[in-house]
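Heads up, the next two complexes both have chain A, just with different partners, chain B and then chain C.
Take a look at the complex of A and B:
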């Protein structure tokens, strides 16, 4: 772990809805180092996808960026203009999404869609771009890439569509690849193949991977460092072993207790009482306090800050000493 | 021994007709192709497989929600495939089902009270007061309360919706409940709540479950027996303990290799890599259906379909090479996760 590749500073994003402002990301700061795999974990609605979308500025129109900065190699992505950003998107920062069915355009051939990326970013002819695309399709494990590049997305299986997305996003050898639940829609055997492919590409190109998932199995298998999000906040950041062996935040500890594989069969799992709060009107103080078993009066009043409890291990909890 | 078996399924087949166009030859999707097993009262059978393995079709066929093509389903001593309408109604009363997506399995125009009242109206002679009492009691059993009675499904969270679906399945005190991926669409913390609820209900009412899932670790957590399916066939079937401690079919072992295990220490364990994707059930491979993806396949696997044979007590495996293969190198690292 060496140089900082991406730095998010005190980011606040909200969605304008008819019922008010949903504060999906509320003061998140984090650092991602070059060529590491960083995992964002959290449950539905905790803001992990919003945070990921904000990096290449792909947020939907009803999202409002309230404040904060995102530095990519020292450049503030939130301040540069659309032209400069276009040079970075797809070339330096690439993104793959959960549902490969909806990420591909159904009316264009696979080869065309993949070739568009190098054709946009490099001064090469369309023929060369197509050749690059076919080569890349072969690289991600599409059989007969030459033939298959003339197929339309609907004839591809889910796994092959996700491979196509990966091919598209890696033709330019980006430095940062953001993968938002890339395997959730796939079968376990295909999931293992895709994770392996990502791992190989990462080693070959020296990619930095920002992986978003809710599956602790995937976290353990592929990540170097983990950030746990809850209700729009980052509550814990640590190396993957630390997260599993020595979680310091009650929420992380609770989540890990929920994972079935870590419990004896037919016994009750530890469960976190209640449900995540609405982000329209989140609880005061620590957002986890209504579900937490360590709550003290201080948790109701004061919001805990992310502090470093030991080297590289950050926790936002007033009572971490009692939890750990 | 026979008395304790609540459900016996013999050579069950379900083929779906499929025509590419009006004039083309009728083809068959062999979704479930000769499946036999039995479930003892009060136990859970975990049915594991990837999409297209026929596990959902199996669940629906057992409850006769779709008609089987052939085979026998003996539930509590009578053959479900031969029931007349009146008997079928009685059978419906003693079975329940919970689906994967709770939102699409609850009628959006009905309140929770109406959803839970339906089965009581159809199957019992209770008056309105008795019905309401039962509904509230069941709601409390699944961790909801009377305040949810007048809510519509969209006003509930995913976990609460699934609780309503479970309440609907158990309100008539059925003997058998088919759970078709009941936790896959839920978040981890909610998943744990629902799994705990299902285990509690089983202990309390001596329910028998058929738990359909693609997640081996969840199956391990809730099941007494595990049945692994691949393209409409059973490839391995035994007690959960045996399947996890001593898996004998290459497909089962490759599933163990594929599942991400939540322990960073096992990151670099030895694995069998599964190549390719599952073939279409419309045109399954000749011989052993797994042979194109199996690293151990030989000539015989391409030609002859292996039978499901009893290897040792209650351990069934369908593989030609079952006696030659040794998977210990893949399993040793994982032993802490695979045994209880």
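Take a look at the complex of A and C:
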């Protein structure tokens, strides 16, 4: 593997609510290498979006960073000031959001919005910025970009809006692109196109992709390495083949078991019994123990730490030997 | 940039809003009435048969006739000419007050809505305090301090009535701040100032435009009220409020001295209200200020 681009160390984030502190990210550490595609997988509400938003420090106001560090190329993103951060956002770290329908400003033309990005980050004239924007719109597959750049977002379809978002976020050729469920709001054929586009741009610009999803099909398709999150914790990290062929954590195993198999029709879909725990007061010990079929008394008492079971494969489970 | 603006105008002229507005009967009535007022204000020099300050002691308090269609006042001045020149003052003052109000209220609302927290609390507290005062009393107090005169009246009225702008823009800003494109703007490295003025402000403009047309009549009414009380335009300025004041002594003997300025005040206020309601229905159906 190549050099480390991003390192998250022991990150704790909570949301302050009227009922107490919701620990959305609870002690996550992970490393992302340059020009790889890292997938973050997990159920809704397991903290994967919070983790993603914390990297460019775009957390909502009620979120509180309790502790931890995020190093991007050796620079601690959580310690630098807002001005420096503005220079990094969009230029070094860009982010694509889940819902393209609301991610574009309804009162500005498409070309104008994309041109804002190079105009903000480089000392170029507005005309040049607009030309860059049109070129980039063409690159992400918007037909007739010159004409389309003068459209307003409401005339674009969901797929075109997401393409526009991708154009916006890649005009400055960032080194890290965070995509927070970029295809969830789109239909399946468009999903495939968008993923292909992201993959092409990644190869062309050599960018690192942090992809957040709950779709194992996407994971298998585009990822190099996978991190599985459960209830605010990272429970397993491994290369994509390893995750599918040799899952060590019971939760990962369950998740993969839930994927619909094409050949086995007429059998019931597998499911993981129970519901994810409330993050207001998570269960003691291993957070997965109430739903786990391998639970031992140790799981109730002691929280498992991430340990390396084989090269590049980390698992947080006391009983991984029995699971694997 | 120019081509951008041209595009915007082009897309605006073909837009649904315009055709909706053209179908709005009361709105069109307001627009026609307002155009009429604007027309007489702009062409006052040609329409008015006499100067507004031309005194003729031999023809005092004459009833309407072919020579003086609105009659003459206690100094023998032509009421019609004075009313026509008065339109200029009323419209100009109304516009000026609204521009100043929006100039104070909109940025405060943006800042309050954008930053929230203690800044929001402070601005909201000031706004609430202003709401609590009867505006005309406060304006009277300010004019008393500043001294009479049209400029001072404009300042006084603007200073007491920017609060609705702050309220509306703050609320709009808060709702826009929760939209995803604001996070997206931050994600591409836009500064706070740029987000406030280039992302949030354009999205609040429709509400501000509606509010402005709805506050022009009250601005005109406040200034004429202050002029009526003698704080505003000083003689011989043909301010409608001042004319009402001067005419009130002869209300039974020569009602035309006060009826015509009063009628024009009503018509102007009405035209803006009709227009404002129509704009609200078209641009911002959700904004109903009761």
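Note that the second predicted complex is superposed on the first by the 322 of 324 C-alpha atoms of A that agree within 3 Å, B and C clash if a C-alpha of one lies under 4 Å from a C-alpha of the other, contacts with A are read in each partner's own complex, and residues count from 1 in each chain.
Heads up, the rule we're going with is that a residue touches a chain if its C-beta (ideal position, glycine included) is under 8 Å from a C-beta of that chain, and two chains touch if they have at least 3 such contacts.
Being a predicted model, the structure only gives us computed values, none of them experimental.
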item: Fit or clash between chain C and chain B when superposed on chain A; value: fit
item: Chain B versus chain C as contact partner of A:196, first or second or both or neither; value: first
item: Partner chain in contact with A:152 - chain B first, chain C second, else both or neither; value: second
item: A:165 touches, of chain B and chain C: first, second, both or neither?; value: second
item: Touched partner set for A:64, first chain B, second chain C, both or neither; value: neither
item: Chain C versus chain B, contacts on chain A by residue; value: B
item: Contacts of A:259 with chain B and chain C, given as first, second, both or neither; value: first
item: Which superposed partner A:271 touches (first chain B, second chain C, both, neither); value: first
item: Contacts of A:298 with chain B and chain C, given as first, second, both or neither; value: neither
item: Chain C versus chain B - closest C-alpha approach in the superposed model, Å; value: 9
item: Chain B and chain C contact sites that coincide on chain A, given as residue numbers; value: none
item: Chain B-facing residues of chain A, complex; value: 43-44, 157, 159-160, 187-193, 195-196, 214-222, 240-241, 244, 254-266, 268-272, 275
item: Of all residues in chain C, those that touch chain A in their complex; value: 1, 4, 7-8, 11, 116, 179-181, 183-191, 194, 198-199, 202-203, 205
item: Residue numbers on chain A that touch chain C, as the complex places them; value: 56, 58, 61, 86-91, 94-95, 97, 99, 102-109, 112, 116-117, 120-121, 126, 150, 152, 165, 168-169
item: In the complex, chain B residues that touch chain A; value: 50-51, 157-159, 187-193, 195-196, 199-200, 214-218, 220-224, 240, 254-255, 257-267, 271, 273-274, 277-278, 337, 340
